[in-house]
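Each in C-alpha cells, the structures are laid out below.
Each of the next two complexes has subunit A plus one other chain: subunit B in the first, subunit C in the second.
This part shows the complex of A and B:
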C-alpha cells in the first residue's frame, strides 16, 4: 500500500475530491496546512507597516491506495490540482506497512 | 421679599425630564464605548494577548467607578482649590447629594452629571492600554489605573471643565474631551512606553491584528457611543448646541475615514479595513474638542486634516523606535492636538460661543489659548505618567517575564486563552487544565 500526500491550493479541493471519487477512491483525509515553496509568501499592510507573510494557507490531502493504483492516482490528483501558476503545490507517496479498519478489524488492502 | 423670592425661584433652572432622560441615555452610550474600545484594541493584538487587551479596558469599568464615587467626582468637579483641583466633601461617596439636587446652572440632577462624567473617567485610562499591549502585568496595570486617575485624570478634568480650573478660566475650548481625555491619554501612553520599553520582537516579528472583524465591530461601537460622548457634553438640548455637536460628529468622522483611506490608497495601494476603522476614530477624536465651535463645513476640514495627519503619525513609532503598540499616541494624542488647535482656526462664532478663529476673522487669540491648554496637559500627563510607571516598575515590576510574553500574556496573567482551536473542547480539556494548574504551582515552588 501507499500513502499519497498532496499539499495544494485550497481552492482546488473540490476538483480533487470529485476527480478522486470518479476514480473510485472511497475515503480521504483533509487538513488545513500552511507553508511555502518557490511561491514564498506575500505582503500585507497594517497602518502603513508592511509585513511579509511567509506561510501561505494550503490544504493537505491524504489518501491510502493499493500499490497498483498509486501511480495513476497521483496523476489524477496532479491533474485536478494544477492551475499552471506558481504555488500549485506538491504530491508525494510513501510505502505503508499496514492499515486497519477500526470498526471491523480488517487489515491491509481490505481496510481501504 | 415675597415677589423677589418667587422671581428667583422662577429664574432658577428646573429639572427637565427631557434633558435628564437624554443625559441618562448619553451616559449609557459612553459606557458602551469602553467595551467598544476593548474590541477595537482586542482585535488588533495577536491571538495570545486578546483577553489581556480586553481586560485592561474592562478593569477600568470596575476600578474607576468605585474611585469616582469615593473621591474622583469631588476632585474633578468639586469646589475649586487653587485652580488646580476640586474638593467638595458632600460629593465624597456621593454622600451629600440629594436625588433632586440639580447640577448648578443646568436642568439635570447632580447624579446624572456625575454618572455621565464617570463614564469619561472610565474610558480615559482604558485608552492608554492600547500602547501597552502584550507585556504589562495585570496587577501593575490595575495599580497604574488607580494612581493615574487620582494624580492625572481627576485634576486635569478639573483644569479643563471644573469651574475655577485654570484652563477653563483662561477660555480654552474643550467641548467633550480632546484635551482632558485624548491628549491626556495619548501623552500618558507615550510616557509609560518610554519607561517600560518595546515588546519582544518589535520591528522584527510580524504583529498582525488577529481579527480585523473585531476591530471593525469595536470601531462601530465607538462611533455609536461617541454621539453620547459628544452631544451629551452640553448637558441638555435647550439651545441647539448639543444637536450641532451631534451633526458635526458624524460629518468629521466620515471625512476622516475617507481621508485616511485616500492617503493609504495613494501611499500603499490599498484601502484597508484597519485604515477605515482608524480613520473613523481619528475623526471622532479630532471633533471631540472642536465640534461645538466649528460649522459643518469646518467639521469636514477638521476630519480630513485629522485623517491624513494621523495616518502619517502612526508611522513615526518605527522611525523613532518607541513601541506605541496600537497607536494610541498616533491617533489619540495627535488627533486630540489637531482637533484642539484647529478650533483656533475654524471656530465660526456661531456654535457654543461667539469666539471666532483665524479663518473667521477672529485672529490668533483663541489659537494661542488652545496651544496653552494642549501643551500644558500634554506635558503634565507625559511626565506624571512616566514617573508613575517608573515607580510601579521599581515597586512590583511593570512587565511580565520575557518567556511569558512570548508564550502569551493571556495564559500567564489570566489563566485563559481567547479561542479554542482544538475542536475537541469540553470536558477532557477541563481536566487537563486543572492538572496543569496544580503542576505549575508545584514547579513555581521548586523554582523558588
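This part shows the complex of A and C:
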C-alpha cells in the first residue's frame, strides 16, 4: 500500500476530489496547511503597509492506495491540481506497512 | 445472592414483578409525560418499600426496626423518574445497630443493581447527612427534595425539617455558592437555547437550573418569576424521557442523529419543531434564573450593607444626580432612601446594579425608550430590570415607519456594545420587544441550523456576529452599516431558497424601515447578498486569475463596501463556531481583499473636502462674526413633522447649531468643550474656513456647522451658549477644569470594553492638506480632547468632518502646517500618534 500526499492550491480541491472520485477512490483526508516551496516568500503591500508573505495557504490531501494504483492516482492528482503557475504544489507517495478499519478490524487492502 | 432474595419478587418474570411492570409502563405507551414519571416513581416506591418491609419482617417482632428509614432524594425525591434516571436513595439510621443497618443496605441495594438500574446510594445518620450537606452543595440540594419511602417516618420528617431550616439559615452564604456552581456549569456546557446539540440537564437553562430555582425558593430569600416555569420544566423532562427511551441510555445530550426519533416519539413534526420547543423552554428557565439570581444578590447585599457614612463629595453631587434622574422627592429629602439612582440616558437610570426607567419616563409617549434603555444598559454593561422590560413591552408605543433617527442610532449603539449586548437583547426578546421592533426576527427566533460548522441557532448567531463585528468597528468607515449588516446577514434563513438572496430583499426592506436612506439601504442589502462571497471565492477560486478578482470587484462595487464586507466576513465566521475561521482562511480572504482593493483603487470616491458653497445664512453669520470680532451663533430646532423631507427620508438626529468665529487658535477645542460642558452630544460636525469676499486683510472666518443633541432634558438657550463661548475663547472660562470637575463629581460608568481608538494618516486623500482619520468610542469631551491635541501639535485645522454612528465616532481632520502646506510624512505620523495618545489617556 501507498500513502499519497498532495500539497496543492486550495482552489483546486473540488477538481481533485471529483477526479479522485471518478477514479474510484472512496476516502480522503483534507487539512488546511501553510508553507512555501521553491518560490520562497515574497513581499506584498497591503493598505500602505509592507509585509512579507513567507507562508502561503495550501491544502494537504492524503489518500491511501493499493500499490498497483498508486502511480496512476498520482497522475490523476497532478493533472487536477495543475494550473501551470508557480506554487502549484507537490505530490509524493510513501510505502505503508498496514492499515486497519477501526469499525470492523479489517486489515490491509480490505481496509481501504 | 442469597435464597431470601427470591421471596421479594424482584426476579419474578410474571406480571407481578417490578421489572415486568416497569417494562410494561415504559413500552406500552398508554401513559407519557408527568403521569408516566409519577407512575414510575410510585411503582418504584412500592417495590423498595416492599423490600424494606420484607427485611423488617424477618426480625424478631416482625415490625420495622425503629430508627431506620429509607428516603428518596434528588429527582426521585421529587417523584419524577425518567426511564433511565438514577435512583437516589438514602438509608437513614439513628446510629443504633450498625451491623443490622449494613445488612439491610445490602438487601436493598443488591436487587437494584441486579436489575441494572443506576443507583446513587448513601447510609447516614441525620447528623451525618446534615454535615455532608453542609460540606457538599450537591448533597444539600438532593436533601431538599427528601421524601419518605419506608421505615421510621418520624426520623425522615426530622431530617427534612432540619435540612430545610439549615438551608434557610445558611442561605446568605450558600446561595452565592450555588450561583457560582451554576455559572461554572454554564461556562462549561454552554447555553441550551442556542446549542444545536444541547445537554438537556447540564446546559444553562436546563433541568439543573430549574432545580436550582426550586432551591432558591426553598431558602425563602427570593422566588423566580413563575410564568411558564413549570411548563418549561415539563417539556424538558418529556424530551429527556423520549431521549432515554430512544437511545436506551441515560444520556441527556440531544445529539443530531437522535433528534428525529425523539421528535417522532413526542408526536412533533420534525427535529426543528423539537428543538424549537426545547429552546423556548430553556429560554424561560434561563431568563427566570437571571432574574432570580439578581434578586438574590440584591437581598443579600441589602442584608450585608449597614448604613454607611457618605463621603462629602458624594453628598454634594447627590442632589444633582437625583434631580437629573427625575427623583425630585429623593433629591429634596436629602437622599435617605436606600436605592441610589444615577442617570444613564434620557428616561433611563441605574439603580442597584440594574437599569430601570426613570420616574419621569413615559414609555407610552416615547417610542424610542425601549431602544434607548437597551442601548444604555448594554453600554453600561448592566442588565435591564425585568420590571422595566415588562413595562416597556406593555406600554411603549410602536415606532413610526421609517424610524426616527434616534431609534436607529440607539439600535446601532446597542449592537455595538460587545458582549453585554447578548443579555440585553435576550431580555427584550423574552418579552417580545424585539419581534415588535423587527417583525422579520420572528422567522429566525430559536431556529436551529442543520450544519456541522454552526454551533448556535440562527438568532444567537446573528447577535454573536454583531458582538464580533463590534470589535472590528475601527476597521471600517461606517460602523453603523457593519453592525446592522451583522444583525441581518442571515435573516433570510427563515425562508425557503438561498438565504443570501431572500436576505437581500428583507435587509433592504428592514433598512428602509429603520430609517437608513436609500444609498445606505442598498449597501446593506448588498452586504447581506454577498456575505459569503469573499470566503467562498478566497477558498475555492484561483486568486491569480484576474477574472476572479474582477468578478468580486464588480459585485462589491466600492472600496468602502469592500472594507465592510471584509469585516462582516470575519465577524460572521468567528460567530459561527471554532471550525469556521482560522488564520489559514483569514490569510486567503485578506489576499483576495487586497487584490480586489487594487482593482477598485481606480475609483476614488469624492473627497468630503468638496464642500457645498456657503448658504446665505452662513455668509450672514460669517459677516456678522467678522464685523463684531466675536462668535455668532444660531440654534435651529428641528423642523416640524409636517415640513419633513420630501424624499421621505427621516430627519437626522438632534438640532443644527451654526457658529461663526473669526479665525483664531483654539476654536475647535473651545466649542467642543463648551458643548460637552452643556451636556450636548455631538452627532456630526463640519468645520471649514470661509474667505469673506471684499475683505482685504486676513479676514478668514471659521464656520462650524454642528448637529447636537441634549444628553438629558432640553437644550440650553442660544444666548447663554454664545456668552459662554465668548468667555471660553478669551480664556476666562476654564473648560478643561469644568469638565474635570464634573467627571470627578459624577463619574461615568464604563461598562463596555471598546476596541482601542485608531488614528491614522489617510494615504493620498488630499493634495492640499494632510488627512487624519480618527475612529474611537464616543465619549463626552472626545472632540474637546482631540481639538486640544491638534492645537498642541501646532497644526491648523482647515476642515473637519465629524460623525457619530451609534457609539462610534468617525472623524476626519484636514490639517496643514502653519504655512498652509500638507505636513511631511514624519510629522503627520507624529500628529496621529499624539492624537491616539490623547484618546487613550
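One rule holds in what follows: the second predicted complex is superposed on the first by the 105 of 112 C-alpha atoms of A that agree within 3 Å, B and C clash if a C-alpha of one lies under 4 Å from a C-alpha of the other, contacts with A are read in each partner's own complex, and residues count from 1 in each chain.
In this section, a contact is a pair of C-beta atoms (placed from the backbone, for glycine too) under 8 Å apart; a residue touches a chain by one contact, two chains touch by 3 or more.
None of the values given here were measured: they were computed from a predicted structure.
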Which partner chains sit in contact with A:10 here, subunit B, subunit C, both or neither? Use first/second/both/neither. second
Pick one for A:34: touches subunit B only (first), subunit C only (second), both, or neither. second
Mind working out whether A:104 is in touch with subunit B, subunit C, both or neither, as first, second, both or neither? neither
In the overlaid three-chain picture, which partner chain does A:83 touch, first (subunit B) or second (subunit C), both, or neither? second
If you tally the residues of subunit A touched by each partner, is the higher count for subunit B or for subunit C? C
Could you look at A:57 and tell me whether it touches subunit B, subunit C, both or neither (first, second, both, neither)? second
Taking the stated contact definition, name every residue in subunit A that is touched by subunit B in one complex and by subunit C in the other, in rising order. 44, 46-48
Touching subunit A in the complex, subunit C uses residues 539-544, 582-585, 587-588, 590-591, 594, 597, 763
Please output the residues of subunit A touching subunit B within their complex, sorted ascending. 44-53
Taking the touch rule as given, give the residues of subunit B at its contact with subunit A in the complex, in rising order. 206, 208-209, 264, 267-270, 272, 274-275, 278, 311, 314-315, 318, 327
Which positions of subunit A touch subunit C when the two form their complex? 9-11, 13-14, 32-34, 44, 46-48, 55, 57, 83, 85
